[in-house]
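For reference, the structures are reproduced in the following blocks.
Note that subunit A is present in both complexes that follow, paired respectively with subunit B and with subunit C.
Take a look at the complex of A and B:
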């Protein structure tokens, strides 16, 4: 079959005009996005792809069963060829992804890019950040070492403090009355099935809204003098993102070699270790829990999470009530509080 | 005249039929999907096994007054059994705060939870930390004395 014949065959079977698809995706990108630090939205998207690929590779050997989970992770890390590398990339990409999503959220927040009409772009993005943290938590718990086991136990118990839905939610998370075989299976299902599906769906809505509204235009003095204020998504911006991707995979690979993913003691459900700590991105919640007590901590964190997700609407409400824009001071205070609690917990024994 | 009546009533009848049809269809869709979601939710929600069983732990003469020992239940919970002047006391090693395991510190004579430094007296009452704030003691198990044998009621 000739090339023309093949193209004709494909076009008749897939009656879609490629030019229409290209023009609908090819949004005009403002000049300020030529700077890489404005591309932090694309960075976690790239890292998510890395996570999906390395995650699929890890499931070839991982066994989600209490008596075999730790051994299977040890097998991946120490025996499977390049297992240490795949696991190292997966671990570091998870940490980088959280950093990238947080930085992206901070950039959007402090530039006021969440305001009308982009409220729901923020809402979907904020939920994506929370899902990314749950991804990290469930993934860490799958290792089934002492710290991850007791981290999961404490987190499951925390949910019981939530009013009304606390106990049923804890039952669903644990898969029973206590952390055990049911919990590990559920965390595995959440980690490889429920969360990726939710994240992809939210990402589609998030990117669809970004495309529909266009990127918020930030005017820099340097750009203001330029005649052309936009550049093309294809291939200019895509190439920038691919360039960032190449740098990221190189840095991730270096981290996987220099700081390889280790393995602590195997989980012992009968002995709680002397010092337990969650992953660094939950330090602030853990410290807050120690300071405020169980009930207050869970309720206040739940409320803070709710305000964070629906911030654009709270922002407008505060502005209406006070007739002042307090978003920046509130944001600075929140960031300082989270940083202070994180550092406090990191330095504590 | 009759033709005019037919012309005015027919669209109304069609509208009612259409409304009823759409209504039945929507009700069916909502009812069937609510049922499906309910079944799915019930499927995900785990069975709670709250049954207990009586297990033999020791002969009385094996625990003289002032002595204690740790008994491990079939489900893996450690229960500290002591023979005090007030009789036999059985305490769980699960901290009531966030379900971490407490351990007995001989030096200070207290049960200590490593997670948030909760402390309990020998009788299980909270001394400091989150358990004290919650006023939550270590769980007590009932000890059944049958002749010279001691039994515990534990989760099956």
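Take a look at the complex of A and C:
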């Protein structure tokens, strides 16, 4: 069959015009995005792809069972060819992804890009950030080393402080009264099944909304006099994203070599470590927990999370009530508070 | 940036990524398979010993391979090294060594533990020459029984074979020949040629030196068992021992943990080591078990130890990992009452009668040549200890049927009739027996009506604070 014949065969079976798909994806990109640092929105999506690929490779060897989980991670790290590299990239990409999502959220927040009509782009993005953190937590717990085991135990304890649903929720998370086989299976299913599915669905909605509304345009003085205010996605912006992607994968690879993913002591349910610390992106919650006490901390963090997700609506409400736009000072205060709590916890023993 | 420039940058970045992959491949090539179990570390001094003994005594090197010593490079020579001129030293394959490893050798690294152990009752276990037990073993039974029996727990005085001129005999290689009556010996109170007392391997069996093994009741059970001091059996009968069996089967004892703190590193059951030696949240581990023992239950009449309050407080601290103060108070009340009962009713009076018989000339000066001396020995050395030790470690059957019941039977049915027979014609001795049997505790022998039974019960309750029903 000739090439033309093959194309005809495919077009008759898949009656979709490639030109139309290309043009629909080829959104006009505003000029400010010629600067790479305004392009962080695509970075989390790229890192998610990295996580999906490395995660699948890790799943080939990982065993989600308490007596074998730690050993399987050790096997991946020390014996499987290039296992240490794949695990290192997976670990570092997880951290980078959280940084990228947070930076992207900050950019959107402080440029006011979440405002009408893009409220639900923000809501979906905010949920993506929370899911990314849960991804990190469940993934870390799967290693089943001492700190990750006790981190999961503490997290389950925290959950019990939530009013009404706390205890049943903790039972659901743990799959029993204690962190053990039931917990590991649940974390595994969430980490490789539920969370990725949820994230993909949210990403589709999020990117669909971005495409539908267009990227919020930021006007810089240097761009003001330019005749053309937009440039094309293909191939101009795509090349920028590919460049960022290449830099990221190279840096990740270097990190995996220079700072390889280590392995602490195996989980020991009988021995509580002297110092339990979560991953760095939960430092602020952990410090807040120590300061405010279990009940207050859980309730206040729950409320803060709710405000964060639905911020565009709270923003409008505050503006109506005060007749002032307080988004920037509130944002600055929130960022400083999170930074201060994080640094405090990081420096604490 | 122009589109063309972007393409160039992307191309260059692709090369950078490829370069990073080359580094990754290089690192992968360097990677060696990691053995989760660290390899034994052999020093240059020990390598030659190991290579030969791996063939000659393979189990010894295999046990050492699994030891913590092996992980830390403490090998054959590090423990067996000796100095030229030392009584047990000989030159073997170019190095001065000794077959005997004494606490002084262990103390080179474990100085504090060794010093503590040297001060313990355990380390003095070999000094039994003047005891009644030793007369029984050495003379009544015979030396081979002592060498293969008593001294394998108490420890021998290590000696060398000597020729007619008194010189130590040596084999062709120059190795001093140890007296086979005194070696092999892993008795905990062994008296060593270098003057040190005891042997660490009594509990930390060579050549694995396993801390887990030392923490298991079986380790103590080598000596603390049998009719005269059945601590191991008593422990097994107690709730502590029952809990241990299940906890151990369920892998909850965490016996290899360092440190091994009750209530922190494990909580399902205690072993002998837990109560007598191991760390709590408030006190460190000790290699002197006497530091927590408030009574001595060994002699005819039990006595409180020197500084017994301090020692009891240390033991109560161990109890408090699992028990409330009320519970511990209750236990010590029952324990003290049982020991006092034995002392006042049986041990003390029996001793008094035996002393009176001896002083009256009713018995010879030779121990164990008369039936009553065997009866008395059974009473305090076997049954009396079982009753007291059973109460100390909460074993009801050892306290009662293997203990007080047999003490009472021995006292009333054997000792008193035998004492009366021996005292015939010795009024001073007969008077003492009469005085003993006139004690309130023994009046029941004269027959009891309900009123008298009530009085006896009230007497026990008042005196010992317990109901004897």
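Methods note: the second predicted complex is superposed on the first by the 349 of 349 C-alpha atoms of A that agree within 3 Å, B and C clash if a C-alpha of one lies under 4 Å from a C-alpha of the other, contacts with A are read in each partner's own complex, and residues count from 1 in each chain.
Here is the rule we use: a contact is a pair of C-beta atoms (placed from the backbone, for glycine too) under 8 Å apart; a residue touches a chain by one contact, two chains touch by 3 or more.
Fair warning: this is a prediction, and the values are worked out from it, not measured in the lab.
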| item | value |
| --- | --- |
| Subunit C versus subunit B on the shared subunit A, clash or fit after superposition | clash |
| Subunit B versus subunit C as contact partner of A:273, first or second or both or neither | first |
| Contacts of A:293 with subunit B and subunit C, given as first, second, both or neither | first |
| Partner chain in contact with A:253 - subunit B first, subunit C second, else both or neither | second |
| Partner chain in contact with A:74 - subunit B first, subunit C second, else both or neither | second |
| Touched partner set for A:157, first subunit B, second subunit C, both or neither | first |
| Which of subunit B and subunit C A:240 touches, first, second, both or neither | second |
| Touching partner for A:84 - first (subunit B), second (subunit C), both, neither | second |
| Clash-bearing segment of subunit C, relative to subunit B, as chosen among 3-11, 75-83, 93-101 or 327-335 | 327-335 |
| Touching both subunit B and subunit C, residues of subunit A | 270-272 |
| Footprint of subunit C on subunit A - complex, ascending | 34, 71, 74, 78-79, 81-82, 84-85, 235-236, 239-240, 242-243, 246-247, 249-250, 253-254, 256-257, 268, 270-272 |
| Residue ranges of subunit C touching subunit A (in the complex, touch as defined) | 1, 3, 6-7, 9-10, 13-14, 16-17, 20-21, 23-24, 27-28, 31, 33-34, 36, 252, 254, 257, 264-267 |
| In the complex, subunit B residues that touch subunit A | 44-50, 72, 76, 78, 97-103, 113-116, 130, 133-134, 155 |
| Subunit B partner contacts - residues on subunit A that touch it in the complex | 150, 153-154, 156-158, 168, 171-172, 174-179, 182, 269-276, 289-290, 293-294 |
